[in-house]
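First up is the structure itself, then whatever we jot down about it.
Letters A, B and C mark the chains in the order given here, with residues in each chain numbered from 1 onward.
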Amino acid sequence: MSNEIEAIKDPGLPAHVHRKADHDPVAARRAERQVAAMFMISALGTVLMIASFFIPDDVFVFVPVMGDQNAHQLGLGLGMAISLFFIGMGAIHWAKTLMPDQEVIAHRHEFRSPDSDRKEFVDTVKEGAAATGLGRRSLIKRTLGAAVGLSAISPLLLFRDLGPLPGDDLKKTSWKKGTYLVTDPGDRRIRASDLEVGAVAQVLPESDDPEHRKLNDIAKDAVLLIRLRPDEFNLDAERLSWTHEGIIAFSKICSHMGCAVALYEQTTKHLLCPCHQSTFDVTRAAKVIFGPAARPLPQLNITVDAEGYLVARDPFYEPIGPSFWGRISS
Amino acid sequence: MKRLSRYRRHKAAGPALLIFALLAIGTTFSVASANTTAQTTTADRSALIEEGRQIFLKGCSSCHGLNSEGGVIAPSLVGVGAASVDFQVGTGRMPMADMSTQAMRKEPLYTPEETAALAAYVASLAPGPEIPTEAQLNYERDGSTAEGGELFRNNCAMCHNFAGQGGALTQGKYAPTLMGVEPKHIYEAMITGPQAMPVFSDKTITPKEKMDIIKWIKHAESEPNLGGASLGRVGPVTEGLLAWTFGLGILIGVAVWLAMKAR
Amino acid sequence: MTTEHRLGQVANYVDERTGAAAWMKKNLQKVFPDHWSFLLGEVALYSFIILLLSGTYLTFWFDPSAREVIYEGSYEPLEGVQMSAAYASTLHISFEVRGGLLMRQIHHWAALIFMAAIVAHLMRVFFTGAFRKPREANWIIGIGLLTLGIVEGFLGYSLPDDLLSGTGIRIAEAIIQAIPVVGSYLSYFAFGGAFPGEAFIPRIYIVHVLLLPGAFLALITVHLMMVWYQKHTQYPGPGRTEKNVVGYPLMPVYMAKAGGFFFIVFGVTAFIAAVASINPIWLYGPYTPGQISAGSQPDWYMGWLDGLVRMAPPIETYFFGYTISWNILIPGLIVPGILFTGMALYPFIESWITGDKREHYLLDRPRNAPNRTALGAM
């Protein structure tokens, strides 16, 4: 087999094909009129936009497929779209039909500089470097390094007050022994008898100022209350003692990445987090049965007070929410 | 007939015949089964409960047991209350058409009178949630849209989506769309907790709060989409799809036209 | 005085002060090859300009503050509801500022199209081998633009502080928090304390409107200057060699076509913004950590990250009381890091594998570079 591949000779640019408008003045005038028409349509679009600006915003028009549309919004948007689009169409059509379309050849130049320039460049740099004397004056070199290095690092210190140190903030919630469970929203205390089997309630700890709850607190305190039949649990004695007559409480903040885990499937007794589909089994203390969550949802130890209102017995036994380095391993 | 038989070898003859056969079988079936229903309703109407019991025996007992005691494939109906029956039968979920993970909303099989009879019968078995009254459904006057929105986002959006369009649950279950659902059925679903949906007791979401929620849902249903077509109200996925197909698609089309030589 | 005379006077004025005549003449004659696939980068560029224009408009009304306010605007279903000033000001833009909703929608649709165009442009450059010498640096800048674009878009749709985007920020915070040793510190520094805090919205606002656009402008300028200086690549064909560029001159043809295309992109974006609703934040509600919507997803260009996180096996390791969340670190940081680094270094990887150190100005047809095409398809 021959190793020679005969190079295909460059046939050069193909013969130029003229457009209608190039040789036929009628076609050229038609193209001109088409371009002008497009610019006129654009102007009409602008008029539509200006007119629509003054349409009151409670007027609706019916558009097939889309349904009732707000006339003000639709007119404004369509007017703007038409006015812009047809400027573009006009300009492009103009370029395509009337402007010269003879292809032009430009030559590439090699980027590599001539050797003499390169040598001169190297020499310039070398001479300049030698002129600094750094090669000989190592004291200057070392102290220069220290000065620049230190002054570069020190501004980082100015960012220290971006935020407080976490301390043990991530490990604490507002739940303490004796904190009442209240509905979210509504802030009503909940009796055990308020919940039927299969019921679910969104819960927050009772607050002194329920009108002004801080989102920072809600992000850690949100709890989900679920009522099962007591025989449906599959828990050890200790965790069972944290429930009350089939009512069990979990932190609502997903142990994976912190979304609110509130989808409760009554038939399967599973909790589903809609973000990444971690699934927790309520009957086994929110054990993870599917998905990327690595830990169960922390269970809240609850009981009732003398009047039958649900109340927390203890704070959460471990940090709620997503993991972090210093979290005590569970 | 002779004219028709000229086309017996036409290449469309096979498919056309198939479609005709399917249509014929389908219509015959629906007509025949409709007749069956008509016979049931001409039964003795002396007591609503007795009527309900008869309907129950004919249409429900094969799964739910002769005494509503339930079985392997269907739960017991003792204690589910009139509200459950009104919801399940009124939305067409029951009788269940295909025995999959979840009952689908469909055209109700029973008339409102029959549904009322069934509800009365099941309610007579044991006390349970009742069908909401007029006062409990007067959401137009007594409900608050803004509070309803807060309640909806806290208690409902996690399954039914922020605009009530529905959402996926695990293993084939789903929270259905809330659009086009009667206020009565929304209320009943909340108090009975059908299938995977949990129960929302009147103490944790009060009747007034339930009216707020219904008012918000009805508002969301009727609220026109302000910025244009809604794209399903499911969020960024449909938006991204439109940007790639419609947006970039049109632009690439213009680009192709731009670079083409004019005639 | 004729137009020509007037123009001559202006040109003279400028040239006497800058000596611009020579390079103006050279550059106005610059030749650009014409192929539709070369316009994808332009779509991205013009989308960027649209983002700057529409974004600046929005800044005149947007309040980047997490301060709690009670809504008193015209949207009835949120009357009396507590929300951040950022969310309230976005509602104000949507309902009371005439043209506000249109501009919001243009801004968000332009962002989606911007990212789609970048990806399409990346694929064109990849499959045609336009990243080869001498364009490796430009490819790296392009990957940089892609990465910055993803971040900019995420921050942008998080500014209104609605339920959907707030959930996205929660996910971002969890990724930061999971970083070993320093995670919780970095999170508290970024958020000014615990999540969600009040500092995050104003901080990402400055990143979104000042720092990242500045970075974009710088990178895009370098990116375009390199294309300008190195001349655009072209497809092989009769008359086209490695040593020439065949096409049309900047003035007037390319100016008209490219300039016209800008108006097309703007017009199409405005059209979509007129007929298709996007990010209806009033339906999502204000962000609070106790709420979530079914089917919560990020914008499309973050979908790959969401998918990685969902697929990750539920692995954490514990030792001496410390936790390493592999289920977050791997999909959230390690895999994306490997992916993007790999993409950035691809020109060097390919030239190392093929041993091809030549310069290339003619593009490959994808069918002529089967291994690269197969890799890209995968």
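The definition used in the following text is that a residue touches a chain if its C-beta (ideal position, glycine included) is under 8 Å from a C-beta of that chain, and two chains touch if they have at least 3 such contacts.
As the structure is a prediction and not an experimental result, all values here were calculated from the model.
> Just list the two chains that share the greatest number of C-beta contact pairs.
Top-ranked chain pair by contacting C-beta pairs: A-C.
> Taking the mean of each chain's Cα atoms, which chain ends up nearest the overall Cα mean?
Given all protein C-alpha atoms shown, the central chain works out to be A.
> In whole angstrom, how far does the Cα centroid of chain B sit from the Cα centroid of chain C?
Here the centre of chain C sits 42 Å away from the centre of chain B.
> Give, as an integer number of Å, the spacing between the C-alpha centres of chain B and chain A.
Chain centres of chain A and chain B, defined by C-alpha means, are spaced 33 Å apart.
> What whole-number Å value describes the gap between the mean CA coordinates of chain A and chain C?
Chain centroid spacing, chain A to chain C, equals 13 Å.
> For chain C, what residues touch not just one other chain but two or more?
95, 101-102, 105, 257, 260-261, 264-265, 268, 273-275, 290-296 - these are the residues of chain C that touch more than one other chain.
> If you look at chain A, which of its residues touch at least two other chains?
In chain A, the residues touching two or more other chains are 66, 73-74, 77, 92, 96, 101, 184, 202, 260, 262-263, 274, 277.
> Where in chain B do residues touch at least two different other chains?
In chain B, 150, 154, 158-159, 167, 175, 225-230, 254, 258 touch at least two other chains.
> Okay, in this complex, where on chain B does chain A touch?
147, 150-151, 154-155, 158-159, 167, 169-171, 173, 175, 193, 195-201, 203-204, 206, 209, 224-230, 254, 257-258, 260-263
> Can you list the chain B residues touching chain C in their complex?
So the residues of chain B touching chain C come out as 145-146, 148-150, 153-154, 157-163, 166-168, 175, 216, 219-220, 223, 225-231, 233-237, 239-244, 246-248, 250-252, 254-256, 258-259.
> If we count contacts the way the header does, which residues on chain A are in touch with chain B in the complex?
Interface residues on the chain A side: 17, 19-21, 60, 65-70, 73-74, 77, 92, 96-97, 101, 183-186, 190-191, 193-202, 226, 260, 262-268, 270, 272, 274, 277, 279, 290.
> What residues of chain A sit close enough to touch chain C in their complex?
10-14, 53, 57, 66, 72-74, 76-78, 80-92, 94-96, 99-101, 103-108, 111, 159, 162-166, 169-170, 184, 202, 204, 212, 215-216, 218-220, 222, 252-253, 256-260, 262-263, 274-278, 288, 291-295, 321-330
> Quick one: in the complex, what on chain C touches chain B?
Listed in rising order, the residues are 34-40, 43, 76-81, 94-95, 101-102, 105, 108-109, 112-113, 116-117, 120, 163-164, 257, 260-261, 264-265, 268-269, 272-280, 283-285, 290-301, 303.
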